[in-house]
Structures are given as structure tokens and as C-alpha cells.
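Chain lettering (A, B, C, D, E and F) follows the sequence in which the chains are written, and residue indices restart at 1 in each chain.
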Amino acid sequence: MSASPLGAAELQRRENILNSWAAPGVSVQVADSPGGPFSIESTVEALLAVRTMLSALAARASAPDAVVIGCFGDPGLAAVREVMECPVIGPLESSFHLAAQLGQRVGILSVLDSLEPLMTSLVRSMGQSESYAGFASVNTPVLELKKEPERTVGKAVEVGRRLVQEKGADVIVLGCMSMSFLDLAGPISAEIGVPVVNPARCALKTAETWLALGVTHSRRAYPRPRKELRGLVTAATLAASD
Amino acid sequence: MSASPLGAAELQRRENILNSWAAPGVSVQVADSPGGPFSIESTVEALLAVRTMLSALAARASAPDAVVIGCFGDPGLAAVREVMECPVIGPLESSFHLAAQLGQRVGILSVLDSLEPLMTSLVRSMGQSESYAGFASVNTPVLELKKEPERTVGKAVEVGRRLVQEKGADVIVLGCMSMSFLDLAGPISAEIGVPVVNPARCALKTAETWLALGVTHSRRAYPRPRKELRGLVTAATLAASD
Amino acid sequence: MSASPLGAAELQRRENILNSWAAPGVSVQVADSPGGPFSIESTVEALLAVRTMLSALAARASAPDAVVIGCFGDPGLAAVREVMECPVIGPLESSFHLAAQLGQRVGILSVLDSLEPLMTSLVRSMGQSESYAGFASVNTPVLELKKEPERTVGKAVEVGRRLVQEKGADVIVLGCMSMSFLDLAGPISAEIGVPVVNPARCALKTAETWLALGVTHSRRAYPRPRKELRGLVTAATLAASD
Amino acid sequence: MSASPLGAAELQRRENILNSWAAPGVSVQVADSPGGPFSIESTVEALLAVRTMLSALAARASAPDAVVIGCFGDPGLAAVREVMECPVIGPLESSFHLAAQLGQRVGILSVLDSLEPLMTSLVRSMGQSESYAGFASVNTPVLELKKEPERTVGKAVEVGRRLVQEKGADVIVLGCMSMSFLDLAGPISAEIGVPVVNPARCALKTAETWLALGVTHSRRAYPRPRKELRGLVTAATLAASD
Amino acid sequence: MSASPLGAAELQRRENILNSWAAPGVSVQVADSPGGPFSIESTVEALLAVRTMLSALAARASAPDAVVIGCFGDPGLAAVREVMECPVIGPLESSFHLAAQLGQRVGILSVLDSLEPLMTSLVRSMGQSESYAGFASVNTPVLELKKEPERTVGKAVEVGRRLVQEKGADVIVLGCMSMSFLDLAGPISAEIGVPVVNPARCALKTAETWLALGVTHSRRAYPRPRKELRGLVTAATLAASD
Amino acid sequence: MSASPLGAAELQRRENILNSWAAPGVSVQVADSPGGPFSIESTVEALLAVRTMLSALAARASAPDAVVIGCFGDPGLAAVREVMECPVIGPLESSFHLAAQLGQRVGILSVLDSLEPLMTSLVRSMGQSESYAGFASVNTPVLELKKEPERTVGKAVEVGRRLVQEKGADVIVLGCMSMSFLDLAGPISAEIGVPVVNPARCALKTAETWLALGVTHSRRAYPRPRKELRGLVTAATLAASD
């Protein structure tokens, strides 16, 4: 059987945190997408994760009330919206739009310098270039990040300060789910002096908001595909691919 | 004593609705701002409302946990943020950013044609021009709107459809608090076939989200004034001005 | 009676200067707006000034031929246009548009760092972001500025040079009426080597231009309010508020 | 000797009009640029006019205090600024920036449909796309325009109305010097109900404003050429070329 | 073995056409990506195609000199660039940039209305919104398109004309590879009177240009992934998935 | 007779290089434009070159299959397109659009600081501001550039690196034809580590691409002039002007 990219313990830890953040009556399940990349640090990994994510969704016994994409770069956000009726939330999209209300110029503070062009592309495609101050990273691979959380905070504060002073950011979005689940937004904000948005928590609250408002994504922006999808993973191929 | 612009009964009705929308444990008070305009249908009325709003806030015995501006045009949003520590939410700002996640091109459907230039100015100042599809209105004064809610829905559906078909909107924000409290978003959306955002309800959910995330507006974007404010309304001047 | 924010002597001095700048046959009156802020260094002060400005205009015995807003941040520009037939000129708006003809990238050199977000918001709302190089300030409160004009010039030259060299400004607008009436544009320009626009003088010339061309603001952009305004200051409330 | 493109009588008529518009003490000379195009209705004609314009300027006995380009498309504006110290004003540039203060969305109403791409290019290069509502034309060649001024007004009103209603223009710039000197701005504005800017008159007033403010174009935006120019017209070549 | 989405005969036909378009000495192979969608008419199908495309590339015995993505929506363009050293060309990207040289405002004429939001997103992410006139479609599924090519041309001419007259397009890109291989650009252009770009042919010529110039995509924009990719298709899984 | 600006030997050298770059069967002629500037280092020189360029084209015995403007600033690009049926290619336009495919943010590395405002203006007018990272120059006059090519490379590498590190360019266009014909793109790219585009070679390949695709510039964007052009150079005037 396919091992989870993050490991069962980490998935459970994240699920516990999300449930502690959830509104009363809301229950969160963290679903693994077996066969996907161990971590998403490039566009190609982001795109390869889409199929396994869709496969995991298709394999569920019952439809969820809402879906939150489990990676900051919102891999497959438009694709999942096309196939699902319920609200589908992207951590980047929702936290960028929240941050753009907290300040005028949003900075993204992420894990690897190599993610900058992907962020530029996503911000452009959301039509948010005018609110984008720029990007900074701690340049630490996702999987090493949590080994030394204090060192991560120290580096994040240093590069975040430059994002504020040199690029004029007045609000920061953490550009990584692992940073979200280490709950680093508060400590970093306290040091830098600008609000810092936790994208995992923000995405969860945004899902709750869509549900409360009774809205979901526009079918004019995310039309339903006309043909059945090919190439999703079945139990058999999943077994074969790992 | 100054009569409320909307009247005590309408204020109470709105407060009841907001409390029915609020998350468990959240209590909403609708505060009148005596001496302000009876309705806000122009920039000048929006700006004159700022002083009475600030005065009403300053006159409160205890600080609120969050403030939602009570008018779609977000009058005084930046000003109130400058003087308050707690989250201050604008219905336009929060519902535009929500809508920009539901679709790619946001239309604003409001009450009067004369509000279009104010909306253009606000959308530009939020840096959201690239996501703005355009404006339409039922061209009915705010205070007459609720006399015939069904006729209002009919007109809204007609102009909203044109907003979708001619200007390419794929999501609509209702540009008026009265439309919000008539709860017209659902019926209009059902007819037009794109999501329609209720700005009052969205602003309330956004306030809850800021509180849940522990964030508030950036002091770099909304610096605290250095001097005490002059010209706010006291009991005496309030009596005199009405 | 309300003391003038600037004091009668300074008002008279400014009126004399403006009349020395005016075209033959043009007479300028500097009108106090009693009850307004002593100086405008924040958005909230800018907005609170609108009511006193409108009140002072409403209290005049005869209508002026043109109005120039007396503060660089153009407080209430759209609001005053809505209620007046005659040309209403904003120092920021008129000097930014003049500067954008003198060069390609306009810098704003103002008094306080805390004014930067307000400037960003105003430039965005004018649709001028593409011509905006950025902001710099001497970080000296308005009311202390004129105590040491030479020190002010020195600091302005220093930060203005950085605006040119680091942000690529090729023309500068002085972002403050006090700097205008100290006539600092010439000395600063001589040192930095790019044109520097005096916004008070530019606004006056722009008012003369509108009058010469026989144009005034568009009613489609600044529609006349449909209801009588509430909350303007009368003699009685004015007495009470100071 | 080269005949003037417009003819001596028309030049004199324009000079008289400009002097009637000029501020007291200002004297305007309309200078022919012999050898240039008879009218400018394309980019290539605009560019070919630059050499004759520069030649005419170089041939003057004394330097002017200011130069106004004599064609709406601002041919050679940057080039003339590079070689001249004094203010050099473009009718398009100055009237577009004035119009952008009168309203939010500027329409250009010109003579020929074929000028639209040139206008798009010029508006983009001024960084003014966000304020541009669009273009309309009476589709009448410049030289036929004045034969039937009333028919021109009628057509201009018709296409101008569409510019307002269909493209959302709330202010219009006349895109042609001949329309300027027929003084059509007033009659057209009276019919359409939005302000209409006369670019010739606006350019003259802008020149007066630059002189009053003591500013001229930025050398960082319009650097002085390092070498002597070749290819300007001398008396001999002029004789030969016509 | 997996059947090709298009079928072997159509692949061979396309390969023959491409080789007839290729420069002397250039040989083109059309590679199937087994297991992918039969046609790409949605974002989700575009993303699911990425894995099979990458798998097909990884399975090749020798590296190609250049890769052209075989679908107009450029699925996986950034992802393939990340993993490949050689030039990787997108039909949309290359033909949009060519079209933006042929005119000022590029229209995309594609097969299905439902593709419009994907095109908006791609144009935004390329930073090309300012050159984008809009979208039109013949609203015919890809696989039915070639059954009646003349009817397709007729419809394309009709909607293309509206793209020119109503949205101001002055150049058109065919938004579909099937339209490319029916070679419809010439006939459509002849009818509409604006240049029409064949994206398949343009992509091929762009690949030849990159090779001639000795350039390939920037590693700063498309960084090489740090980890080995998981989830590509092997022979075994491929057999299982079809 | 007029001496060539570059000299016959240099023209021949360039022609040889271009022919070595050309596709099989393509023959390139480098045409002098007598009477034009010796080098183009300012807007005014660029514009004065247009007439001599048009004259040289008009004087040719037979029409070329395509025209490439011989200067990086694309002088007269729109003008030449208006008068010619065949493809007319600008080195700046074509290489900027190629570079915008190689990366996300294009830097221009040119010869003189004084060219920066012209580049800003051209990039704006192409609608490419969102893809423009900025400008850098070796600040060496065109005519001295080739005396010490190695020193030029050294300086170019130094300022190009700053363009990458400080302004975020991820691809560079050489902003000068002399740099193109010294073939400096390769050596500079090898040092800086981002792709560097040779604009002369790119323009040639783009001309070949337009011809291969059977497209030429849109008449809607570049309408044919309605009148015969005046002021082109004849043999007689040419003799007189040198």
C-alpha cells in the first residue's frame, strides 16, 4: 500500500489541529492522496499532485461539504472546482485575498527561493499583481522545516523584515502548509510588526464562510467538464504505482 | 434627540438578522450613528457619515471586539481602522475579495446609477480593477427599495443578467445593505445562475474570520493618528445639530 | 469662537502668496474651515475635515468661481465636486497630472512616513499607478516644518535624491501645502536636478485653466446628490464644538 | 518656396484665435513647418512631420519661451523636448491629463477611424490606459472637416454619445486641431452633457502653467542628445524638396 | 496497450503536416501520451494530461532537441520546462506573443465557450492582459470539429468578425490544435480581414527560432526540481490504467 | 555622395553575419539609409532616421519580401508598417516578445543610461509593462562599443547581474544592434546564468516566421495612409543634405 507522503502521524496531527480551529459543529478530515509527491516544491510536483488528489476525492464513499486544497500553491484548484459542486478553497487564494484586506501590499514568505516564479504566475493569474509586494523565502526544504522550528522562525523574521522594508509589504502570507501547522504566524508577526496570515487556518475559515453564505464557485468561471475523466487512479493502478 | 436614519424598528430587525447569521457565541449590536445621512447615495453623504460613525464609536462605554461598517460603500473604512485596534471590516472590501475567489470577474449590482463612479473609485483604490467586470443598478432609491421587494428582485435579475452577458461578470456582489437585509442574494442567484454575495453577511463572517485568525489591519497601512481628533460629536453638539 | 487651525496670520500670509501667484484679474480668498483638524496627517483627519470644509462653503454669502481644496491629500474632492457647480481642484490630483507630463515616473515627497498608504490609495483611485515611482518623506510634523525651513530643504533634498536614484522618479511633487507656501520647490529642484512641482501653485493655475476653457467636472463622474445634506455645521453647533 | 500645408490665411486665423485665448502679456506665433505633410492622418505622416518641425525650430532667429506641438497626436513630443530647454507641450498629453481630472474615464473623439491604433499606442505610452474609455471618430478627413462645421458637430454629437453610453466615457477630448480651431468643444458638450476639452486651447493654458510654475520637462525623462543632429532641413534642401 | 486519444492515423497526418511546415533539416515526431484525455476541453483535462505527457517524455529512448506541447492551452508548460533542458514551446504562449506583434489587441477564437475562463487565466498569468481583446468560440466539441470543416470555417468567420467589431481585436489566434491541423487560419483571415495565427505552425517556428538563437527557458523562471518525480506512468501502470 | 553612418565595411560585415544566420534560401541585404544619424542614442535621432529609412525603402528597385528595422529602438516601426505590405519586424518588439516566453521578467541591457526613458515608453506602448523588469546599461557610446569588446562584455556582465539580482530579471534582451553584431549574447549569458537574446538575430528569425506563417501586420493596427507621402528624400535633396 502506498505510504502517505507526510506519514500517518503527521496527517493525524494536522487533522487534530484543523479540528481545534474549526467552528463548532464542523468536522475536518485530512485525506491523503497516495502516489502524489512527498512535498510540493516545484510546478511539476504541484501538477502531478492533481491526479492523485482527484483520485482520492473520487474514491471517497460520500461527498464532502467542502474541500480545502492541502498545499499552499493551490495545485489543481480550478480543476477540482470544475468537477465538484461543493466549495473548493485554495490556501493561497483565500489567504491572499484576506491579506489584501489587512493591508495594501501583500508579501509571500515561503520555504524555497525556487517557488518565486510559481507564486508570480499564480498572483498574476488571480489578477492580484497590483496588491503584490513580493516574495521571500527561508530557503529550507519543506521536509527539513519542522526539525528546527525556532531556527525557521528566526530566518523567517529576518527575510520577512526585508520583505517589509525593501519591498514595502505591509502584510505577510506564510507560503507553506508546514509553516501553517507549526503555527508560526503569531510569533513571526510579533517580531516583524505586521499581520501574518496562516493559510491553512484561513482556508478553513473561508470554507466555513462559503458554507455560511450558501455560495460556491461560479460555473461560468469553472464549467463542468463534458466528458468523463480518464486517467484517475483506481485501487489497482495505485497499488502498481508505488 | 436625533432620530435614527433608519428608525429603531429597522435597526432592531437588522440586529436580529445579523445575530441569526452570527457564529455561536458571537453577539452583534447594530449601532445608530445619529446625525448622519438618512441614506448614503453619494460620496458626500458617505464622507459626512464618517464623523457621526466615529462619534458613535467614541461614545461607547466599552470597546467592541470588531467593527463592521454599516454601509456598502465602506465609508471611513481606512479612517476607522486608523483609530481602532480591533478588526474593522468593510462590506464592499470583504465581499469583493470573497467574490473574486468565487469567479474571475466581479460585477457589482447596486441601487442607483449615480453610485457607479464611487464604486469605480473604490475598486481602483483596492487595487482590484483587473477583477472588476462592471456595475449595474436597479435605479431605485434605497429608502424605496424595500417597499416592493419582489419588484426589486425582478429588476435586479434583469440588470444582473446584462452584467453577466454583456460585461462578462461571472459572480455578483449586491451593492447595498438594504438589499442584504432583504436577503435577496439567494433569489437573484437562482435566477441568474451565478453566485451572488450578500455583503452584510459576508462582512460579518469576515469579522469572525479575522478574530479566529487573531489578525487585525496592518499599522503600516493604517497608521495610528499622532494627535487627538477634533470635531467629533458630543452630546451637546449632537442635540444642536438635529 | 473657533480658532483657525493655522492662525489668522498664516492664513493671511498664504492668501497674499496665492494672490501674488494668481493671473491678472484673479482674486484668491483663503477660507478657514473652523472646527476642522489643526493639520491633516492621517486619513481620519482628512475625512473629518470634509464636513467643516463643506460647512464653510455652505456658509458663504456668494458662490465662488472655483474652489481649491486646501490640503495636499485632496480631502473631500469628490464630495465637494458633487455639491458644487464650479470647478473644484485638488492639489494632489492637479499636480500629479502635471508632473506626469514633465516626466515618466512621479515621486511624492511629503512630510510624514505615515502618509504613504493614503498616497498609495489616492494614486490608485486616480488610475495613476503606472506613473507612480513612489513616496518619500522628511518625517517632520506639518506644524514643525516651517520652524527650520533650511533644515527641511536639506532633508527633502536627501530623501528626494533617493526617490530619484532608488525608485526611479524623474519628477517630484511636494506632498504638503506647508512646503508649498514655504516655496521650497525651486531650491529642492536646483539641488536634485529634476523638476519639482508646488501643488498649491499648480492647483491655482489648474483652476484658472478650467475657467479659461469653460469646463468643470463631469456630472457623470460626480453626480449631484438627490437629497439635502444633513449634519453640516451651523453657527450654533460650531460654537458648541470648539 | 514651399507652400504651407494649411495655407497662410488659415495659419493667421489660428494665430489670431490663439492670441485671443492667451493670458495677458502672452503672444503666440503659429509657425509653419514647410515640407511637412498637408495633414496628419497616420503614424507615418506624424513621424515625417518631426524633421520639418525641428528644422523650423532650428531656423528661428530667437528661442521661444515655450513650444506647443501643432498636431493632436503630439508628433515628436519627446524629440523636441530632448533638444529644447523651454517647456514643450503636447495637445494630446496635456488635454488627456486635464480630462482625467474632470472625470474618471476619458474618451477621444477624433476625425478618422484609422487614427485609433495611434491613439491606443500614445495612451499606453503615457501610462494612461486605466483612464482611457475609448475612441470614436466622425470619419471625415481633416481637410474636409471645416467645409461643413455644422454637419461635423452633428456627427460628433452622435458618435460622442455612443462613446459615453457604450464605452462609459464621462469626459471627452477632441482629437484634432482643426476641431479645436472650429471651437466645437462647447457646442458638442452642450449636446452630450459631459465636459469636452479643446486640445489647442488646453495646450496653450498648460504652456502658461509650466511657465508660471517655473518648471520644464525632466532631463531624466528627456535627456539632451550627445551629438549634433544630422538631416535637418536647410534653406537649400527645403527648396529642393518641394 | 493504450489507444491513442486521436488515433494513429490522425497522429500520422499531423506529423506529416508538421514535417511539411518544418525548416529544412528539421524532423518532427508527434508523440502520443497514452492514458491522457481524448480531448482537452477543461482545466481538469488539461492538468490530467500533464502526467501522461511527462511519462511519455520520460519513456523516450533519447532526448529531443525541442518539445512542443501538443495542446493549445499549453498544459504543463511550466512543469515540462522545469524537467527539460531543451526548448519547450507552448502553442498559446508563442502564438499570443506573435499575434501581439501583428496587432495591438489579440483575440482568441477557440472551440468551446467553456474554455474562456481558462484562457483568461492563462493570459493573465503570462502578463498579457493589456494586449488581450477577448475570446470567442464556435462552440463545437473538438472531436466534431473536423467532420464539417466548411461549417466550422463559416461559424469561425461569424464569431471572429464579432471579436473584431465588438471587442476590438485586430489580430486573431486560433485557440485549438485541431483548427490548426485543418489549416483554417488562411481561409478565416481572408474573410475577416485581420491576420489569423495558426498556433501549431507558430509553435514549431518558435521552437526553430529558440534553437537558432541557442536559447532555452530561464532556470530562474523554471527551476529544476530538487527531488525525483513520483507518480509518472510506467509500462505496468499504463497497462492497468487503460 | 552621402557617407554611410556605419561605413561600407561595417555594413558588409553585418550583411555577412546576417546571411550566416539566415535560413537556407533566405538572402539578407543590409541597406544604408543615407542622411540619417550616425548612431541612434536618443528619441530625436530615432525619429529623424525614419525619413531616411522610408526614403531608402522607396528608392529600391524592387520590393523586399520582409523588412527588419536596423536599430534596436524600432524607429518608425508603425510608420513603415503603414506603408509596406510585407512583414516589417522590430528588433526590440520581436526580442521582447521572445524573451517574455523564456522567462517572466524581461530586462533590457543597453548601451547608454539616456536610453532608459525611450525604452520605458516603448515597453508601455507595446502593452508589456507587466513583463518588464527594468533597464541597465554599460554606459558606453555605440560607436566606441566595439573598440574594446572584452571590456564591453565585462561591464555588461556586471550590470546584467544587478538587473537579475536587484530588479528580478530572469531573461535579458541586448538593447543595441552593435552588441548584436559583436555576438555578445552567448558570452554574457554564460556568465550571468540567464538567457540573453540577440535582437538582430531574433528579428531575422521572426521575419522568417511571419513569412513561413504567411502573416503580416494587421491593417486595423497599421492602416494604410490615404495620401501620398511628402518629404521623402530624392537623389537631389540627398546630395544637398550631406
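Note that in this section a contact is a pair of C-beta atoms (placed from the backbone, for glycine too) under 8 Å apart; a residue touches a chain by one contact, two chains touch by 3 or more.
Just so you know, these numbers come straight off a predicted model, no measurement behind them.
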{"item": "Other chains in touch with both subunit A and subunit E", "value": "B, F"}
{"item": "Selected interface, B-C versus C-F, where C-beta contact pairs are more numerous", "value": "B-C"}
{"item": "Maximum centroid distance from subunit E, chain identifier (CA atoms)", "value": "C"}
{"item": "Proportion of interface numbers common to subunit A and subunit B (over half same, under half different)", "value": "same"}
{"item": "Averaged-CA centre spacing for the pair subunit F and subunit E, given as whole angstrom", "value": "30"}
{"item": "Averaged-CA centre spacing for the pair subunit D and subunit A, given as whole angstrom", "value": "53"}
{"item": "For subunit B paired with subunit D, centre-to-centre distance based on mean C-alpha positions, whole Å", "value": "45"}
{"item": "Interface hub residues of subunit D, defined as touching at least two other chains", "value": "104-105, 117, 121, 124, 126-127, 129-130, 170, 220-221"}
{"item": "All touching chain pairs, where touch follows the definition stated at the start", "value": "A-B, A-C, A-E, A-F, B-C, B-D, B-E, C-D, C-F, D-E, D-F, E-F"}
{"item": "Of subunit F, residues touching subunit A in the complex", "value": "104-105, 130, 170"}
{"item": "Complex contacts: residues of subunit B adjacent to subunit D", "value": "117, 120-121, 124, 129"}
{"item": "Subunit E residues touching subunit F - in the complex, by the definition given at the top", "value": "21, 23-25, 89-90, 93-94, 97-98, 100-105, 126-131, 164, 170-171, 185-186, 189, 193-198, 201-202, 205-206, 208-210, 212-221"}
{"item": "Footprint of subunit B on subunit C - complex, ascending", "value": "35-39, 41-48, 50-52, 54, 76, 78-80, 82-83, 114, 117-118, 121-122, 124-127, 129, 141, 220-223, 225-227, 229-234, 236-237, 240-241"}
